[in-house]
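Chain IDs A, B, C and D follow the sequence of writing; residue 1 opens each chain.
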Amino acid sequence: MTFRLELKVRDYECDLQGIVNNGVYFNYLEHARHEFLHANNIDFAKLAADKINLVVVRSELDFKTSLKPGDEFYVEVIPTRLSKLKFGFRQRVIRKCDEKVAVEALVIGTSVNEKGRPFLPSEIDALFPIE
Amino acid sequence: MTFRLELKVRDYECDLQGIVNNGVYFNYLEHARHEFLHANNIDFAKLAADKINLVVVRSELDFKTSLKPGDEFYVEVIPTRLSKLKFGFRQRVIRKCDEKVAVEALVIGTSVNEKGRPFLPSEIDALFPIE
Amino acid sequence: MTFRLELKVRDYECDLQGIVNNGVYFNYLEHARHEFLHANNIDFAKLAADKINLVVVRSELDFKTSLKPGDEFYVEVIPTRLSKLKFGFRQRVIRKCDEKVAVEALVIGTSVNEKGRPFLPSEIDALFPIE
Amino acid sequence: MTFRLELKVRDYECDLQGIVNNGVYFNYLEHARHEFLHANNIDFAKLAADKINLVVVRSELDFKTSLKPGDEFYVEVIPTRLSKLKFGFRQRVIRKCDEKVAVEALVIGTSVNEKGRPFLPSEIDALFPIE
């Protein structure tokens, strides 16, 4: 099950090197994860309002090709369960015109309640089956 | 040699969870790296204008504590040479009030010329001595 | 002639009030202007590479309704010529579900060459006919 | 009473034109307003947590000079009361090296409670005396 979100580079996301700033890929990846969760009936903003915070504990990003102004691309999301309390997202940012990988990432998250204690909502548990 | 840059959380850097958005740490880390380079007479913007682009090829970030609105913190930068063409930055984002680590990171970069070919300017070479 | 760009709020664009941060509308408006220009064969990034910079000299924004996470909206762009050297964009950000106006704006721009002198490319001149 | 906040351009705040992106000035201005409020014992984030939202209803920005990578600057904030329910901030972004004005702004705000109804906390009322 690979989730895919189509996006397009916005000029203000590019920096003085004329390419998408590295930090922006982080935004792309986050947005794609939230859309993936949403497509699976998990609402990040609603959870936050209910004081259940999905948080990233580690991210590994490999930058392979730079996106440029106007580039169309898509972000892939593949869920993967890592442990009882940790879930992961294997993600790739892929340029549409030539299917070149711009960024390859593993983002690891967990879920905490109002007191900062680990708390995995059942819908998260179900979305990331323990293999 | 540990370089240190003092900063303060800006409210607009916080997201709907009321904490600094994960992507923003990326900006903090980048800014600290550029200030570190600048303190060593390497000007990222000037290099970019001369068509020599310092680029990040990999980043690993561990998120340990969330910064909140108004938090004062500093970012550490420790240079480390990884190979002939790759240099690294060990970085930590540390909250000032209690010295708690917010983020621990390893960011790996290289340098390319106008044609995208590896090209390490001598000042970069000197700043990251091969051990 | 009203140009229209469809977008959707991304969670990271929302701040600790749980709504889209005011500064982000500025990004939405800019992106819509650049897409409008692009649809009319004017490439902001290419012009910048050719040292012709389209610059904003004044912006007036009225904030009327706050967009929230997940809101779908569109940005309207209506070109208007203000003087020999100044062109304007009347813009609105409109929430799709109920057609409520989130932001109403007038953004005034001009164009300068490498020396910072006013220089209006002929394609800009043609796109904003003097009434 | 002129409040002043000193800042420095960060490279990631610059866009493909090599200058600070227009939208970023909005961030600078907001940050300076919040620091001004904080210096007067008004905490934007705390108010938001208490469901009292200070909101911008209109902003007028005149862009006069572009800031570049590494530029040091300060943001001025002068409070001005506009009406029973509206308060304003006259703001200027000024480059330190030559005191040139980069941006001149008037930002008009109001305050609303949880139901979106106008509600001016007494500390705001006191900070913006009706002239």
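Rule of thumb we're sticking to: a contact is a pair of C-beta atoms (placed from the backbone, for glycine too) under 8 Å apart; a residue touches a chain by one contact, two chains touch by 3 or more.
In UniProt terms, the chains line up like this: A, B, C, D = 4-hydroxybenzoyl-CoA thioesterase.
In this text the structure is predicted, and so the values were computed from the model without any measurement.
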Checklist entry - Measuring centre to centre with C-alpha atoms, which chain is farthest from chain C? => result B
Checklist entry - So which has more C-beta pairs touching, B-C or C-D? => result C-D
Checklist outcome for this item: Per the C-alpha centroid definition, the whole-Å distance linking chain C and chain D comes out as 21
Checklist entry - How big is the gap, in whole Å, between where the Cα atoms of chain B centre and where those of chain D centre? => result 28
Item to check | Geometric centre distance via CA averages, chain C-chain B, whole Å | outcome: 32
Checklist outcome for this item: Each of the following residues of chain B touches two or more other chains, namely 11-12, 14, 16, 18, 21, 23, 27, 30, 45, 48, 69
Item to check | Residue ranges of chain B in contact with chain C within the complex | outcome: 11-12, 14-16, 18, 21, 23, 69
Item to check | Of chain D, residues touching chain B in the complex | outcome: 10-12, 14, 18, 27, 30-31, 34, 38, 43-45, 48-49, 68-70
Checklist outcome for this item: Contacts from chain B onto chain A in the complex sit at residues 16-17, 21-24, 26-27, 30, 45, 48, 53, 55-63, 66
